[in-house]
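A, B, C and D are the chain letters, set down in written order, and residue numbers restart from 1 in every chain.
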Amino acid sequence: MDEVRIGVYVCHCGFNIAGVVDVKKVAEYAKTLPGVVVARDYVFMCSEPGQDLIKEDIKNQNLNRVVVASCSPALHEITFRTAISEAGLNKYLLEMANIREHCSWVHHEKEKATEKAMEIVRMAVAKARYLEPLEELEVEAKKSVLVLGGGVAGIRAALELANYGFDVYIVEKSPTIGGKAALIGYIDPKTKGAEVVSKMVEKIRDCPKIQVFTSAELVQLTGSAGNYVAKLRLNPRFVNSRCTRCGECEEVCPIEVSNEYNFGLDKRKAIFIPFKNAYPPYYAIDYRVCVKCGECEKVCRYKAINLKEEAKIVELRVGAVIIATGYDPYRPFKGEYGYGLSPNVITLFQLERLLDPESPTKGELIVGNKVPKSLAFIQCVGSRGTTLGAKSYCSRMCCTTAINSAIKIKEKYPEMNVYIIYKDIMTYGSDESLYEEAGKKLINFIKFEEKIPKVTISPEGLFIDVFEYTIQQEIRIPVEAIVLSIGMLPPRDIEELIAVTRVSCGGEGFVREAHLKLAPVEAPTKGIFLAGCITGPKNILESIRMGSAAAAKAMSLLSKGKITIEPMIAQVDEERCSGCGICVAVCPYSAISIKSVNGDRIAKVEKALCMGCGTCNASCPSGAMQHLGFKDVQLLAQTVAALRGESYG
Amino acid sequence: MAEKPKIAWYWCASCGGCEESLVDLAERLLTLFETVEIVFCPVAMDFKKEDVEKLPDNSIAVTFINGGIRLKEHEEMVKLLRRKSKIVVAYGACSAWGGIPGLANLYTLDEILERKYLEVPTIDNPKEFLPAKKTVVSIPEVNMKFELELTEPLPVLRPLDKVVDVDYYIPGCPPTPDVFWNALQTLLGNNLPPRGAVLGALWKSLCDECPLNETKPEKLLVKEFRRVDRTTPEPNKCLLAQGFICMGPVTRGGCKALCIKSNMPCTGCFGILEGVVDYGGKAISYIGSILDYSPMQEEEIRKAYDKIPDWVGVIYRYTLPASKLRHKVGLEFPKLIKEMVEL
Amino acid sequence: MNGSVLVVGGGVAGIQAALDLAEQGIEVFLVEKAPSIGGKMAYLDKTFPTLDCASCILAPKMAAVLRYPNIKLLMNSEVEDVTGRAGNFVVRVLKRPTYVDWTKCNGCGICTQKCPVKNVPDDYNLGLSNRRAIYIMFPQAVPKKAVIDARYCMRLNPPEKAKKEGKTLCGVCERHCPTKAIEYEQKSEVIELKVAAIIVATGMELYNAKNIPEYGYGVYQNLYTNLEFERLVSATGPSGGEILRRSDGKHPKKIAWIQCVGSRDVRFNHYCSAYCCMAATKQAILAKEHLPEVQCTVYYMDIRAFGKGFNEFLERAKREFGVRYIRGKVVRIEELADTKNLRVVYEDTAESYLRVEEYDMVVLSVAITPNSRLPLPVELTSDGFVKLKDPYLDPVSTTVEGIFVVGAVAGAKDIPDSVTEASAAAARAALIAKRSMAREVRVLANGGVLNG
Amino acid sequence: MADFEPKIIVFACNWCTYAAIDLAGTSRLSYPPNVRVIRVMCSGRVDPQFVLEAFADGADGVIVAGCHPPADCHYIEGNYKAYRRFELLKRILESFGIEKERFRLEWISAAEASKWVQVVNEMVSDLRRIGALKPKLEVD
């Protein structure tokens, strides 16, 4: 490295500094420090003339380091970096000495404050001597995005991105997109879930920029923000687009299984169409249950079926990934509030199917075998730590959904006695209007607290014993049907998701966002975004909004076609690194991995992922990992300079 | 024939293990004796200080000094040998960084003497004598008096290079015969490495040559620390990953991972790497890093650390006198050492 | 620059929108009626459910706003009217005088110490403390510039007597200003902007608790709104984080929070304000942290712990901090003449009759009301929130194409939801902006705009 | 020894504590000038070696300060790592005879200027009480 030539610039900041600190003395002292060739003081360094002073010195005195002793770097680091780069000096060769916030504004004894200011400058100079020029790097960024999950959040995100001119790949593991929203009878008094979804799906169908992979899974994700490589496994559907949905295959199919798209209310064949507006709009064979008897292949007149089809692996290159794989409904255990013991105890999701005109009952609310005269919702099933094995969180949508359905039921069957047995009614925001409406519709609300309701199934019928909190009395309600308002669980396959995408999850089991408050749609890993219930329970509206937001974030990350990388990040000295792997575990961004460089294990920093916290540097046992801009030698020099006159090393 | 290069060998505060390593050269010793002339080696041959003083300055080709500097005598001898030698080599961990005797730097000399001569259960010292500068033993029967002059101990132990300039270092406790032999070849050869180099060792840390490095999990995190004296490590699995405190990551390689190969964690005898300013500090840093708890779990963290009774002993086993702090703060010069005692 | 975007409101939602737009190189005009951005979040001490400090997470974002040369701040300003359509709106912004040339002011704050007018209620601390007539809104204000409050300034608004005699008074700040930035004669100006799209992020205000006669807010000394309490516990607050009673400056021993004040009440607002249950829970915990001995009670109808980590937070408040939750509607509050303690009369639904309990401090969890009375052609809902075109298919669009809405002005919501929408809206606006070409506008650093 | 002026080295994280120290300045709080602040991006960057270096060079006290756990840390959990390391360092310093008053790990959020001032005041008075760190024995 060529000879160090430091310029020190002491700011008066009007009287803010000069009023307490003897700035002349500080500047004079700075001249005596090793490496310093010029030191000046000026009334406002941040002003134009102040900056020009520095620029001229850089040119005339060919300085290669600059120390500005003024205010906090939070205020003017950028200002002075720009200034010195305008004078042709690398902008990272600047060090700020904070003698205002840290000195003149908090100390009043002139001597002591001046002495401290001198030492603060000494520290800055000491660090400056070890500063190095750094370059911002740019990596190419693909203007394409992988969307995991074809529910409303994923679809919304895809539509937005396509709208911005990005190529989008939707990866859905079931044979149709649409997600659970498509199965919700009414998401608000006026709107059918199926309608909303099919409107969205139409848009997808007409959009050339969106490619949909159903029955597909992400099996591997490598690379980093801007340049991810995603490996997908496309499980066989066995049915191709020649299918006209004539339905003959379904008739001959010998295999019958419970229909997950009606939450087990009825059965479906091994070859089936998930629901009316399913997309892609043709049959699919459930490869997990099909016995390949070949009946369907025989009857199909359109040669749409090929049982020899096999799983394919495809590789996609994308700039970012949006995770929107949603949630699973809570699974009540047999006997929980009588679930599984009586056909008259159903879940909220099953009820939603019943209320859907497309349902097996054509929208008739038939529970067991008839329309019940009385029906009770039990809230918080599997949520808010209510029952054994229940999750600690509130599932956010059940109250509104239950009340909304209750209202629908009352509209259709005004005579029916409807009860809602709850802990707290969570109709937050404007959903409160539904709560009011429910009151008007004479729906009975019954509150319980610690003591949970008890369901009795007897020849006389169903009974719910509940301690009514507001009247502090045990009451027994005879009902003909019970709806369990089940909550949300993290999706079953979340472990695989974590393994493949390197996201992490919080205590409640949902994926953790970069910042709960200010970065709710970003994962800690750069280039990975989150939408919908994968980060925790949401209602359909919120999921859709998150979809838009995640898309927006992905867009602004990739829109320039390249990503600039802050240079103050970690760097490995391969000569020193022994590949011990300590740093890999401490990196919060999974930016470090162990690579084999001609037979040697070496830590490698994925520059695009590193956020520059430096914790790997601190933990590196051999000093091979260094945090550029905050290297060991720089900070040690600063430490020593704070305590002794003579310089470090 | 040309005169054989002169070699000197001296021990300070050390256990003799370093001399062992000399013996461990086995038949290679014969070759050694053919090629060099040993002019000083108190442990093996009878030489006196005068013999060294007689030698002209810089006449010794290489002097190997093992052990840290704990006594006045050590100080005088190494200064003398420095004057007489072209090359001075700090041989072994003690000489290079203080070694195990260096752990005594956490106690005042008085504490050490009391412990050694009064407290230790195996000591039989009814009159509670402590060593003094001069000890007079009188035997009335034959009315004779013997005087014994003991060299004065120094208040702290120092590595060799804190006392005289050191040209090269040979690491290990003790250095393995191979390491020593290779170092010897280099030293007697004609292209010498830059001054201050560590001979016969790697530039990287032990993990680099450790056969278990491959077996590390992707994220090296542990919930508890374990001790080899309590549980036997699973073979063929990174010991650190099992929770055993292995100093490998922070210790210079070159020993061919001998301890690891016998399923024992590295204790750090090959010493400090180039990029490290305080061996123990770095050790704290990576050991703390792999302990997998949040600050909310103070209890768990405390418990985990309590598992290891003597942390200083573990992380500074060979390097305490070469650490930033070097010794317990506020140590005082000894008071218990008297000018004279009569037995 | 192809087209610019107007963001109305500099709260966390507006800031997020502006940053996202700027990140894509789009010119943004950020109009804020206060002298600093930050919005309501800047008033908060900590945020639920993580209890991380509001300014720690907000300040970096505020600072970031200054780092983008393409974000033009129009502070102390309000939108007067909007004409035109998506792609080319014409917006007239009224910029009120600050009486300080912000190109010169470097926020040193000397004037705010020298100004002789010391008894101006500090709006940042909601009048719980005083400031000078010339002031910087709060320590982390962005931009950090001084403003003269003309109502109180002796020079700008001299006493009648001086007016008659035509004397000019004071001028202290002018004399002490090291950069000669004071401009007593500054006038308000109207700035015309041409923008491609508009994002409405005007957020909310607290409902005026004075409208609720039975609680006696504004009359009783030790009765606070939850935002006032927020300032009270805040390290940057009037008492540096000390919780002291207005009446006697003593630490309270018993504090009550009253929920749904002005919300879920047919007389005032039907809707639920969504934030207050967790805010009260948080404040009760903070109170406990500041005064371990204090007793905290929350009166509620339903506890709405619906967000991520909310219910866990609620349970923590109950278990760890022993906060007491009583389900019951408070019918009235009475002040005791001697102690100035407050007697809370409530209907204990559990026992279902009236009960009375005495507290030495009471906090009202006040409803929010949207800042939606805007000179914008957008439709509102019956509750007065800005109406969405189609919440399902077009989440952040208003009924007017090219005008988007985010944050609490479109419905009561918490910080993450507001931030989420902001990003979504920013992207939409960006699209329009990029597609259309708007006239270049040259702007001075202080936000004053010259056309041409 | 009232006139003894202890020297305290502070390693402050950029996002919380450094901001708090700035805030102390902007709000014109006042505290003794015995502290020297070294800015790092995250308390997780602070290497125990730095602390040992500081004591070896004659610092009378050292403060490592960062964001409140669990959620404040700008880098998710840098403060966790700091905590784990310095809990161990404390034990080591103890064995070296360095009084516990001389080393503090503090969580100070960007808003807690007053906490910063309080921490500095406490430490300065503690150190005045126990006096300067004993210098190394220079044997020769």
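Criterion: a contact is a pair of C-beta atoms (placed from the backbone, for glycine too) under 8 Å apart; a residue touches a chain by one contact, two chains touch by 3 or more.
Just so it is clear, the model here is predicted, and its values are computed rather than measured.
Comparing the chain pairs C-D and A-D, the larger number of C-beta pairs in contact belongs to A-D. The central chain of the assembly on a C-alpha centroid basis is A.
Averaging Cα coordinates per chain places chain A and chain D 35 Å apart.
Between chain B and chain C the centroid-to-centroid distance comes to 66 Å (mean Cα coordinates, whole Å). For the pair chain B and chain D, the distance between C-alpha centroids works out to 34 Å.
Contact with two or more other chains is made by residues 50, 52, 57 of chain C. Multi-chain contact residues, meaning those touching two or more other chains, occur in chain D at positions 19, 26, 28, 47, 49, 53, 70-71, 74, 77, 81, 85. Among the residues of chain A, those in touch with two or more other chains are 74, 516, 586, 615, 618-619, 632, 636.
Contacts between chains, counted with the stated touch criterion, involve the pairs A-B, A-C, A-D, B-D, C-D. Per the touch definition, chain A reaches chain B in the complex via residues 573, 575-582, 584-586, 593-594, 600-601, 615, 618-624, 632, 636.
Note for the complex: chain C touches chain D at residues 45, 50-57, 59-60, 109, 113, 139-140, 234-236, 240-241. Contact residues of chain D toward chain B in the complex are 47-49, 51-53, 55-56, 69-70, 77, 79-81, 83-89, 91-92, 95-98, 133-134, 136-137, 139-140. Contact residues on chain A toward chain D in their complex (touch as defined above): 72-74, 98, 100-103, 105-109, 112-113, 115-116, 119-120, 123, 514, 516, 524, 568, 586, 588-589, 611-615, 617-619, 627, 630, 632, 635-636, 638-640, 642-644. Of all residues in chain D, those touching chain A in their complex are 7, 9, 18-19, 21-22, 24-26, 28-31, 33, 36-42, 44-47, 49-50, 53-54, 57-59, 71, 74-78, 81, 85.
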